[in-house]
Each structure stands twice: as C-alpha cells, then as structure tokens.
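I have a structure I would like to understand better, so I am pasting it below and will then ask my questions one at a time.
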Amino acid sequence: MLESARQWCLFLLKRLGFLCISLIGVSLVTFVVTHQIGDPVYLLVGPKHTQEMLDNMVRELGLDQPLYAQYCRYISRLAQGDLGVSRYTFSPVLSDIRLRLPATLELSTYALLLGVLWAVPLGLIAGRHKKSWAAKFADLSARAGASMPAFWLGLLLIFVFYAELHWLPAPMGRIGRGFEVGTVTGWYTIDSLLAGNWSAFGSSVRHLVLPALTLAFTTSPSILLITRNTMAEVMKTDYIRTAKSFGMPPQTISRYAVRNLLVPVSTMIAMTYGYLLSGTVLVEVVFTWPGLGFYAVEAMNHSDYEPIMAVVLLSAGFYLLVYVLSDILSAIIDPRIRVGG
Amino acid sequence: MALLEISKLEVTFASGRERLNALRGVNMAVEAGSRTAILGESGCGKTVTALSIARLLPSTASVLGGKIVFDGRDMLALSEEELSGIRGSQLCMIFQHAALALNPLYSIGRQIADVFQHHFGGGQKAAWHKAIEVLAATGIPNPEERARDYPHQYSGGMAQRALIAMALVAKPKLLIADEPTSGLDVTTEHQVLELIQRVVGDLRATLLLITHDMAVVSAVCDRVVVMYAGVVMETGTVAQILEAPANPYSYELIKCFRHSKRKQMPFIPGRVPDLREPGQGCCFAPRCPRAEAICSREDPPTLEIGTGHFSRCHFGEP
Amino acid sequence: MVANQLPEFSAARLFARRSLYGRMVEANGAWRVHLNLALLLVILVLGVLAPLLPLQDPVKPDPLGSLRPPSSEHLFGTDTHGMDVFARVIHAIRADFALALSSVVIGALIGAPLGALSGYLGGWFDNFTTRVTEVFQGFPQILFAMAILAAAGNTLLNVVLVVAFYNIPVYSKMVRSVVVPLREVEYVQAAKVASVPTLGIVFRYILPNALVPVFSQLPLSCAYAVQMIAGLSFLGLGVTIPTPEWGSMIQLGANQMIFGHWWPSVFPGLALFLSVWLLSNVSDLLKSLVVRRS
C-alpha cells in the first residue's frame, strides 16, 4: 500500500515537472518570437506611428535592457494575466480571449464528441473483424477525413445544406439573429437550456451542426485508426487467447480487450482535444464563428500582433495540460505506467 | 475409446501470398488419464496441433482437412458458442511465457475469479476466496496479497503457477500445456513440472504436454508422440521410444539429447524442409542416415512395431 | 545417404533478391501500386508541363466572363475575375507541390542528420533535442505559422521555412529511432575500434539504414505540407493573388458558394483532396517495403 503511494507521488512529481519545464519552454519560444524575430517595436506599434511612439515602445518593452531581464519582465507580465492590448478591439487581449474562449471550447467539445462517437465504435468493429465491410469503410473514411481540407469540406457542406437545401442556417455565427442567451457558461447550448429557452437552444444547435461535423470528420481519423489498430493487436495477444482457452464468453473477451485499448485511445482523444483548441482556425473563418481562431485571424488582418501570440500561448498551454492529465489517467488505468514514470 | 483422437489433420498458414503447410496429415490418439508428450524440433507443428485441438488457431490458419474428436465431439464442427462451453470446463490450454499470457490490466486474483464465476456462478466474494485458495494450492506464498498483484509483478515461475491455478479452478478433463517451462531456470522448472503432475493427478485429468525437451518428457509423461515437419513420426510409451526407437528420426533425436547439453535444441545435420513445398515421399529422407531410394519416392506407411507403438517409416528399425 | 535426391526446392524463389518495385507489388497488389503511382505521376507531369499545355491563360482576368459554369470552353468554369478555373487548377500544382516539396526536403535534410547525431551520441545532447521536440509537439501549427509570418514577413521563403521547421522533428525522431538500436551493432563497434571519426561512422554506416523509412515518409510529409500551405494561402498568407494556388483559389471562391456558384472553390478543393490522398497512399506503399526486424 505504501509502495503504491510512493510510486504515485514519484510519478505525479515527474509529470508536474514535465509540465512546468514544457510551459517554460513554450514561454521561451513565444518570448523569442515576440521580441526577437522581425522588428518587435514595429509590430507592436503598428504601421501608423511616430518616432516618439517608437521610443516609448522601446522603453516600454524594455528592449534597452539585457535579454534575461526582458524575459523576466515578459514572464511577470504573463503571470499577472497581462497579454497586451488589442489594437483593433481596443480592449485587453485577456478579456477578448475570455469572451471568445467559450465559443471555441463549445465547438471543439462537440466536434470531439461527435468524432469519438463515430470513430471508436467503428474502430472497434473494424479491429475485431478485419475483413468485413466495416473495416474497408473505416479505412476509406479515415483516409478521406485525413486528406480532406477542413475549410473546403465546410464550404461544401454550407453549399449543400444551406445554399441548396436550405435545411440549415447561414454560416453567420453561433446563433440566429435576435436570440438572447444569458451568460452562465458562455456555451449557447448549455446557457439556453439552463434558461429553458428551447428556441434559442434549437437555433444554437442548428448553427453548431455543420462546423462540428466538419471538424469531427477531419480530426477523427487518428482516433479511428488507433482504435482499430490497437483492437486488432489486442485480439491477437496471448492473454486473449488464454481467456478464450478457459472458455470465457465473448462479452468477457470484449471487456478484457477493451480495457487494454483505454490507454492508447484515451491518449489520442486527449491529443485531438488539445489540438482542436487551435485547430478550429480555418473552420471558424469559414463559418464566421466568433472564437479564438477567428480572433487571431482578424488580428492578423489588422496587423495586430499581440492577440495572435496570446492565442498561441494559450493553445500550447492547453495542449500540454490536457496531455499531462491524460498521462495521469493512463497511469490510473495501467499500473505498469506508474513504474515506468 | 480414446479421450482425444486426431485423424489426417491438415493445417496451412497464409504468409504473405504463400501458404505454409504446417500440418500434413497428423494422426494421434490420447487415452484418458494418460500423460502424453508431443515432442519435436521447433517448427514441427506441435504447437499448431495443440492449438487446433482447442480451436485457438490465428485467423491466418486454415484447417484443410481431417478430424478431431474430443470426448466424442467433433471439434472441427462446433460453433464458437459451443466451443466456449467446452473450453475451460472440458479442456483448457496454458501457454509458454505465462506472464504474457495474463491480462496486464487485471489483477491475477480477478482473472482467476472471473474463470470461476463463469463456470460455477456465485458472487464476487466467493470467487475471490476461491482464487486465493487455488493460488495457495499452487504454492504461491502470501496468496491474499499476491492475488491483488498484476502480472508484471509476478516472476516467470509464479505466473506459470497462476495459470495452473486457473486450470485448477476450471477443472478440465484435458489439460494442454505448451512448453510450460520455457524461459524458466532449472529449479523453477522442476517445481512447475511437479506442480503440473500434482494438479493433473488431483483433477484426475489427462495431460498433453508440448515440449522439445526429452528430459521433461521422461520426467513427467508416460506416452510420447514424436513429430517432424507437420507429421507424426512415431508414437509409443516413453520406455519404448527412449529405449528402442523404431523411427530413424526419433533415433537421431534421442542420440542428440544424450550427447548435448539439456537446455539446447537438438541438432541434426541438414535443414528442416521448406513448409511451402508440398514435398514428396518421406519428409525426413534428405537428412536420414538410413534413407534409400524408396524414401523420396513414396510416402511411408505407419507400421505397428509393438503394442501401441507405431512408426511412420518404410523400415521397422532405425 | 542419398545426397543427390533432394526434394524440389525452387532455389530461385528462395534466394532471389526481389526488386523494391517487385516487393511493393507483392505486398500491396498490382492494382493499388499501379493506380496510385500512375495518378500521382500524371499530376506531377501535368504540373511540370503546365505552361506548355494547351490551356487558357491562368491569370488573365475577364470581367465580362466571370462566374461562368463549367462548359466545353471552360471545363471547370470561370471564377469571380473571369479566370479559367481548369487552367488555374493545373497551374496550381506547380505552386503547391514545389512549395511542399522544398519544405519537406529542407526539413528532412536538417532533421535526419540531427536525429542521427542525437541517437548516436546520446547523453545530454540527445536529451536536450528530445525535450525541445516535445515542447513543440503542442504548438498550434497554423496559428504559430501565422504569428511567424506576421512577424518575419509574409514571403514565400518564410512559408517554406516555417513548414520545413515543422518537418524537422518528424525526421529527427524517425532517424533517431533507427540509429539507437544500431549503436551497439558489431560493424559499428569495429569502425570505432578502427578509429573512424564519429561523423564518419554516423554517415557511412548508420544513416543508410534510415534511407528507406525516410523515403517512405517523404510523400506523407508532402501531403501534410500541401495541406498546411493551402490552409495558409486560404488565410491570405504565402502565395499572392493572382498566382494560382489551391488554397487561395478556394478562398477566392468561398463567398460565391452561398450564391450557388460552386465551381470556383470545389474544383481546387477536389484537386487538393486528391493530391493529399494519393501522396498518403504512395507513402503507405513505400512503408510496406520497410522490413520489420523483430
């Protein structure tokens, strides 16, 4: 019992250490990019400037200071939540992000759910029955999803379901015009349900369908493939053969097999989720979805640099967090991981 | 009426675009209560034979022909459902490298308890106690704690005991053990073999032991089936085969054992035939010191040398 | 002993060294190999020969002839500026493939030796490079590329460099995983004893083992690179209008989709889709050549 607790502490410490070092690494990279590549002063001041503004900016950025001092300033600013001010929204980047984060989170989460619901069952069947139609279909859809440009698929779906069939609304944001949704979570689906506003709920769902499907189809192939491949491998193992040889029924065999899939599949799902936070950029542009990606693109179009870097930082941090959490989950499922560290 | 009878069993494997003829007409009978060994070099088809009996062949294998009758049932005709009813309670198979043959994500106790629950019903607690009981019976110290451990925490010998414990719980009529002592040191090997004998005796079961090690055969078994290149070369009692082998292959094999160190694979000059080729005549002919022209032309018949002693050869003596 | 009556082995079959092409066909079937290679070849040839082919001018605007649907004159129709979509799609092969290929090659040329050295030397160098690679694992690729291009300037060279940068860790990891098990192999030890310099050992004895895996990964990396480049162009980064490039073509036609003019965006997207699909398939075919040593 004590041994197991000690193992856990060591493991958690190692993972935490990894997270911290990686976050520092990420901040170093973003620091270098914001302060050293190109002309940071020009970037932050913008195309319309005077010499005085340049000088002020130099002092403000501390560019006259040694490098490590600049880095420390950068870190302390970050720690205080100061991500800069956006030049075209005129608000602090942090509050801009706070406003838009729920939109991206809502879209990513539903996209992930749809993707998992599609990929995991299909992968399980394809892995277990390798020559079946399901397996061939899985192969094809995985290849198609991975090869298809998400922004093109989005446009195609808009053309078919909005322009031609008129089944779904115009790709203009998260909800129809005139709907009022309270802001408890920032998720229109949840907030409208909490308020009992069924029509708002319906509208927000109808606006979610196409972008979520687009994302789900193009990001689920990796989940599909790992589910299928791991299932096929597991079914060939000696321990499944032993279970069969002792007469265990198919349901138990499936249960035994699936537990061995949990770690690789959950890791891939976590990585996909981490990727999705920033991977929605192109889809958000196509559907005019007011999330982080759209924000970054708008900033870029206005030569506004700080928002882009803030979103980069946030995405990288989110990914690392999700990655470490999934590692911990894997260690709970598979005791061998705790030993390996 | 033998407990297990195999006649003219032919099994091939698909390898890339080719087919390997793993079993080319195996004939074998195992009497109830006996301890029979299938002895041979690696690749001779002994494991494939064992897997065929339990119908645990991988998907790349196809049974082309033959019959396997176990306890009066035609094994090749049974459906998966019927098979899972037979496996465990009537026959079960344990594999080499026991630690890999156990699910790494479930505790040993849980896996044994599951087998018990499936075959005998009852609650989880009762099954867990049973698991501890059989672990103790196989000589594992501290069974209450060990039951909660995972396979990667077990040594090779302990894992093999755990598998035998699983067999104890299932109570099969026929226990097939595939090289149960490979990878184990001499002392552990001795203990595991003793355990297998004791368990088979307690269960009043029949043992079919796959091995390449003559010493294991003479220690544990009373009958031997010698296989080579997918066919049975000779069958008989241990005494008959060891002291008066009638088949040149068995003769060479035993000569090798007597002259080489125990743990090594026996070495007979020449190469094992290519399993992709259908072959003509006796498969051992190219390496056989006794071979004559007829050997490469015609398939040898099965001669009855003595009571229950058969040899597949054109000649009655090596 | 009847030594001259061996069973009939077809020695030729057992011992012949089949060519790479032969092995590929055997592992995947003639149809798959020929279809994928042929289609990819067609695309590449069309791209290379584009200026010489009897196509319409891909950058000549025709305001009066804008948004014409597909016809015998304009196979894929015309876009908002009246430019022939078919000619543009074909010409875009050059932009997309050239950019993708250069990025991948640069990335591989930097990543492979890096991985080899890292794997061979081990120690702190190996540790350091692995950690750095890990940090970049979670970086949002398109966003980060946007940031770099905004900071360093929106030029084609920068696009190539950024995408090349993303390829470095892929090849570094791959080559490293080939090199590490070879560190202790006999002929390497022998070379060490004969005091062949470290770099020499790495390049002459070890790297050649990584050639097949690296080559089998190249088409797949090109597939990812094409997708990224098209995505960046869709956002306005990289290729400038009116240079034909699939991503920017899709963007140009995007607003027309809701009005029912589907051809300016659909055809370039199909070309992009098909190219990426073929490149992935070819990569799979090449990967089937990698002999798995257990």
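Read from first to last, the chains carry the letters A, B and C; within each, the first residue is number 1.
Note that a contact is a pair of C-beta atoms (placed from the backbone, for glycine too) under 8 Å apart; a residue touches a chain by one contact, two chains touch by 3 or more.
The structure presented is a predicted model; accordingly, all values stated were derived computationally and were not measured.
The chain with its Cα centre farthest from the Cα centre of subunit C is B.
More C-beta pairs touch across the A-C interface than across any other pair of chains.
Computed from the mean C-alpha positions, the centre of subunit A lies at a distance of 25 Å from the centre of subunit C.
The mean-CA centres of subunit B and subunit C are about 50 angstrom from one another, to the nearest whole unit. In subunit A, no residue touches at least two other chains. Across the complex, subunit A is touched by residues 54, 56, 58-59, 80, 84-89, 92-95, 97, 100-106, 111, 114-115, 118-119, 150, 152, 163, 166, 170 of subunit B. Note for the complex: subunit A touches subunit C at residues 21-22, 25-26, 29, 33-34, 37-38, 40, 43, 143-144, 146-149, 151-152, 155-156, 158-159, 162-164, 170-171, 274-275, 277-279, 281-282, 285-286, 293, 296-297, 300-301, 303, 305, 308-309, 311-312, 315-316, 319-320, 323.
Only residues 130, 236-250, 252, 256, 259-260, 333-336, 339 of subunit A touch subunit B when the two sit together in their complex. Note for the complex: subunit C touches subunit A at residues 131-132, 134-144, 146-148, 150-153, 223, 227, 230-231, 234-236, 247, 250, 254, 257-260, 262, 265-266, 269, 272-273, 276-277, 280-281.
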